[in-house]
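Chain naming follows the written order as A, B, C, D and E, and within any one chain the residues start at number 1.
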Amino acid sequence: MSFLEITRATLAKDIRLEWRSKDAINAMLFFALLVVVIFSFAFDPTAEESRRIAGGLIWVAFLFAAVVALNQTWARELRNQVLDAYRVSPAPANPLFLAKAFGNFIFVSVLEAVMTPLFVAFYKLRVLGPAWELIPIALLGTWALVINGTFFAAISLRTRSREIMLPLLLFPISIPALLGMVNATTAVLTGEESARFWIALLMAYDVVFTTASLLMFELVLEAE
Amino acid sequence: MKRGFTLLALVTALLLSFALYEALIAAPTEQTMGNVQRIFYYHVPSAWTAFVLFLINFVSSIVYLIRRNPKADILALVSAEVGVVFCTVVIVTGPIWARPVWGIWWAPGDIRLTTTLVLWLIYISYLVLRRFSTSGRTPVIAAVVAIFGALDVPLVYFSIWFFRTQHPSPVIGGGGSLDPRMARVLLINWAAFMCLAWLLSWTRYELEVAKRQVEEAQALESLLEGSR
Amino acid sequence: MAEIQLNDYAVTADGVVKQFGRFAALRGVTAHFAAGKLYVILGDNGAGKSTLLRTIAGLAQPTRGTISVLGTTSIKNLRAQIGYMAHPSLLYDEMSGIENLRYFAGLYGVPEARCREAIEAVNLDPDLERLVGQYSQGMRQRMSLARAILNDPKLLLLDEPFSNVDFRSAHEMAALLAKIRDRRETLFVVTHQPGLLQSIADEFVYMEAGKITDRSSKLRTTEQ
Amino acid sequence: MSFLEITRATLAKDIRLEWRSKDAINAMLFFALLVVVIFSFAFDPTAEESRRIAGGLIWVAFLFAAVVALNQTWARELRNQVLDAYRVSPAPANPLFLAKAFGNFIFVSVLEAVMTPLFVAFYKLRVLGPAWELIPIALLGTWALVINGTFFAAISLRTRSREIMLPLLLFPISIPALLGMVNATTAVLTGEESARFWIALLMAYDVVFTTASLLMFELVLEAE
Amino acid sequence: MAEIQLNDYAVTADGVVKQFGRFAALRGVTAHFAAGKLYVILGDNGAGKSTLLRTIAGLAQPTRGTISVLGTTSIKNLRAQIGYMAHPSLLYDEMSGIENLRYFAGLYGVPEARCREAIEAVNLDPDLERLVGQYSQGMRQRMSLARAILNDPKLLLLDEPFSNVDFRSAHEMAALLAKIRDRRETLFVVTHQPGLLQSIADEFVYMEAGKITDRSSKLRTTEQ
């Protein structure tokens, strides 16, 4: 089968399995909800300045929810060591990576779609800048989290204390992306400055790390 | 090789003591900051030395991925370790300097401070990964992470570039005006630090080589014992 | 010339060392295995049997030395001709048997019809809708074997196929292996119950402390 | 052995093992550091308003770090199912629970001790109210997190997707405690009002849930 | 009178049903086992052997029916007299053998000197400083047995003690079990390799689909 077909088949399989055990999705959605609630209790939403910190709040909440979700990425492949079955097959490595990254992208996007309206409601957010810019920001930002998250989750497969290893690797590398997301969002929310620079930064980040991941994933997969 | 090592150790010791004298006594006292400014002769050379070491780490990681030469891997490990040590010196001397001069320990959002901090974090997580790896091919994974880290640095730089900075601008090549006497002391210190870094890396390199040999021998032993 | 000679051997190992951190699981394995035979690999726990199998399968790269399989050292290009069965099932618990095999057939580019054949070959029902996670251990091991023979491999590697399998299932599986051997495929079977294969095996390979210490066509009397 | 002796022996064993694998502690400390850094990037500390939400930031950061740490609580007992060895022994259940809770209290306190000065440095915090009150607030708040965290970590042992279960159970129950910690801390930091009420709330919370946990832990441990 | 009669039996099961969700692992087990004998429990995978053992050990409560052990149904009060060894080692990998046993001796209130005796009884060296995690599988199983006999139990329950153990270690362990039986303790051994115990066992108990289907003092010839 071709590269794309394997990607599609793997993604389809993951989505089917995810759908079959809806528990995991529901648990994650509930977790996302709880994160928003916890934030709303910790940061009094009536405060005037909430609009200025909302960008940070939202993306930090997304980041923590995403880390929990990303940690599950490879869990299914590890049970019964199915990953080895992929590795002994003649299929190339990258379709597996792309399928996982797309799957995570969809999953984290769903989480965000659930959390965002809650944030808007709790913090009574109104967008003062060009609202449509929030869409590319969300897409690029999510992809930035997901591409490196998927890659580092694969790396943490080869380590002890896997759960803790993922944030240890992901957080430092994600700092420019985080800055990009937070500042772009704040720029749009407050309408005080242009988000262009930050969007460009996010794009550069996505391009660099998507390329790097695709070039090096096979090394990681085979590094046993 | 033994000779070379002794020679290097000697040169380092001499340079370091000379640099110490130059920095604390010979160099002129800065007018506004006073004697605190002398920390400059440790702060800046440490930073430059750390940069050089991280560059070596990046290059040897790439070399390892291409050539699969264990020496390149050891070099990558060693340069990251020693680099983190020097980077720590920067991160510690910076706030010590900042407190009396700026009145705060840390200036968040500052480009130089943040880049340094992120650099430090990245290489620490690199070292943590090496410790936690259960892979039979730790060097490959480590090299991959090192490359990811190195790719991140320019992005960090640009992302913070947008903020205004409190930190002094580059002195060398940046059109800055540094007293030539101070510049001389600075360069002497840098030379001394580079020698020290070289010495430390060399020692650590030999230690790592020896450690791997010992481990291999131990592996044989435990295998023979384990078969019982 | 050399090419042709190599091809007579299914597997050639030359000074293979495999190190995990400070521990060497294989310490210089040098051996030649002719094609078309069934080899039983025996040895104490930790002798390196599984590691040897994984190295032959291309799942682990030797730290030093070379392994050539079916005449080539780049095992990666050869994966379509290798079958590998590990102690874990290498199957997704949340899919049925045929769904599992269909996914793997896709990876091998093997027609879907082959899946039913493989399942029937191991005496299971291809239309069974139960999820693999609900199979008994014996069924699961047989389905795992079906996955391994999906691509009609020239070289079949089995790691403890009988462990934790009840008496009846074990005998059924042994009979199946005999059939496969008779088709002139090469088999490597790691097991602690060599008695099951006594009448089928062509050669018993003894491992100790990461080395092959003995090879004989008869089982040592102490281990029967 | 007496109740207290078993508690002591279990705690001593845990601390000894933790100490033996210092890597794990160091990884957690590094994680805590990263959380602070990530927060400082998401919430620009130069901004006036972020200082006003520092109480919330600190406790949310503690909460996330604590959840990661608490998730490891029972990991050691699950490996090789050592927990069963405790359960078949005649030792009562509560010493095990208390030892774990104390161990977590020490561990989370260390994390907080590392994170607090960083927060102070990054956010240039100055205490305007009675600073000594921060000590009982920290102790009571940490115990509140830890006592329920340990208990719910034990409950999530019996569930699938363990890592995600802990926050799902812990977050809702912790909301009153979180309100207490955040408001008490903010009260002391700003000096605008008295923290007495919130401290009393934390005390009540601690007493109630410590008693409840001790009464019900045996049920949880034996529920298989 | 009834009291005395019960005491002659080490274990009495009366209509024991154990349900996991919708699945019944034990479906009405009724049986009496006299004291001082060695019982070998045989059966296909999933027959319920491990579940039966765990129920006798008091680790799982029967959904219906009663089990009485050594004359009482409240197994909890009897734990000091039961020894249990599962397939996992029930030992801390990060401690040495003697450190492990010392901790468990504390739980049983057994003098520390007993630890050395127990280790010597299983043919290991009590002064071995290596961590249990670094033991070979055979050594680990024997140390696990040492833990189970630490309290000189009247009733010893062993779940697949020989699985994944190499030939030599398995025979050593079987010999040890013979010695224990000769001290008039009651033993239950679940195994798929009954041949090892053929000369030692007093009775073979056959299980099938959650029920005891047969008991005989001779091994069926098909399974030898």
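One rule holds in what follows: contacts are C-beta pairs under 8 Å (C-beta built on N, C-alpha and C of every residue); 3 or more make two chains touch, one makes a residue touch a chain.
Computed from a predicted structure; not experimentally measured.
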Which chains are shared contacts of subunit C and subunit D?
-> A, B, E
Highest-count interface - the chain pair sharing the most C-beta contacts = A-D
Let me have the rounded angstrom distance from the C-alpha centre of subunit C over to the C-alpha centre of subunit E, please.
-> 33
Gap in Å, rounded to a whole number, between the CA centres of subunit C and subunit A = 38
Taking each chain's mean CA coordinate, subunit B and subunit E are separated, in whole Å, by 58
Computed distance of Cα centres, subunit D from subunit B, in Å = 35
In subunit A, which residues are in touch with two or more of the other chains?
-> 160-161, 165, 168, 171-172, 175, 179, 222, 224
Which residue numbers or ranges of subunit C touch two or more of the other chains?
-> 44, 46, 60-61
At which residue positions does subunit B touch at least two other chains?
-> 121, 125, 128, 132, 134, 136-137, 222, 226
Subunit B partner, complex, touching residues on subunit C are 18-24, 27, 44, 46-47, 60-61, 63, 208-210
Show which residues of subunit E lie in contact with subunit D when the two form their complex.
-> 54, 57-61, 79-80, 82, 84, 86, 88-95, 103-104, 106-109, 147
Residues of subunit A that touch subunit B when the two form their complex | 148, 151, 155, 158-161, 165, 168-169, 171-173, 175-176, 179-180, 183, 197, 201, 204-205, 208-209, 212, 216, 219-220, 222-224
So, in the complex, the side of subunit A touching subunit D is made of residues 23-24, 27-28, 30-31, 34-35, 37-39, 41-44, 47, 49, 52-53, 55-57, 59-60, 63-64, 68, 71-72, 160-161, 163-165, 167-168, 171-172, 175, 178-179, 182
Which of the residues in subunit B end up touching subunit A in this complex?
-> 65, 118, 121-122, 125, 128-129, 132-137, 140-141, 144-145, 147-149, 151-152, 155-156, 158-160, 162
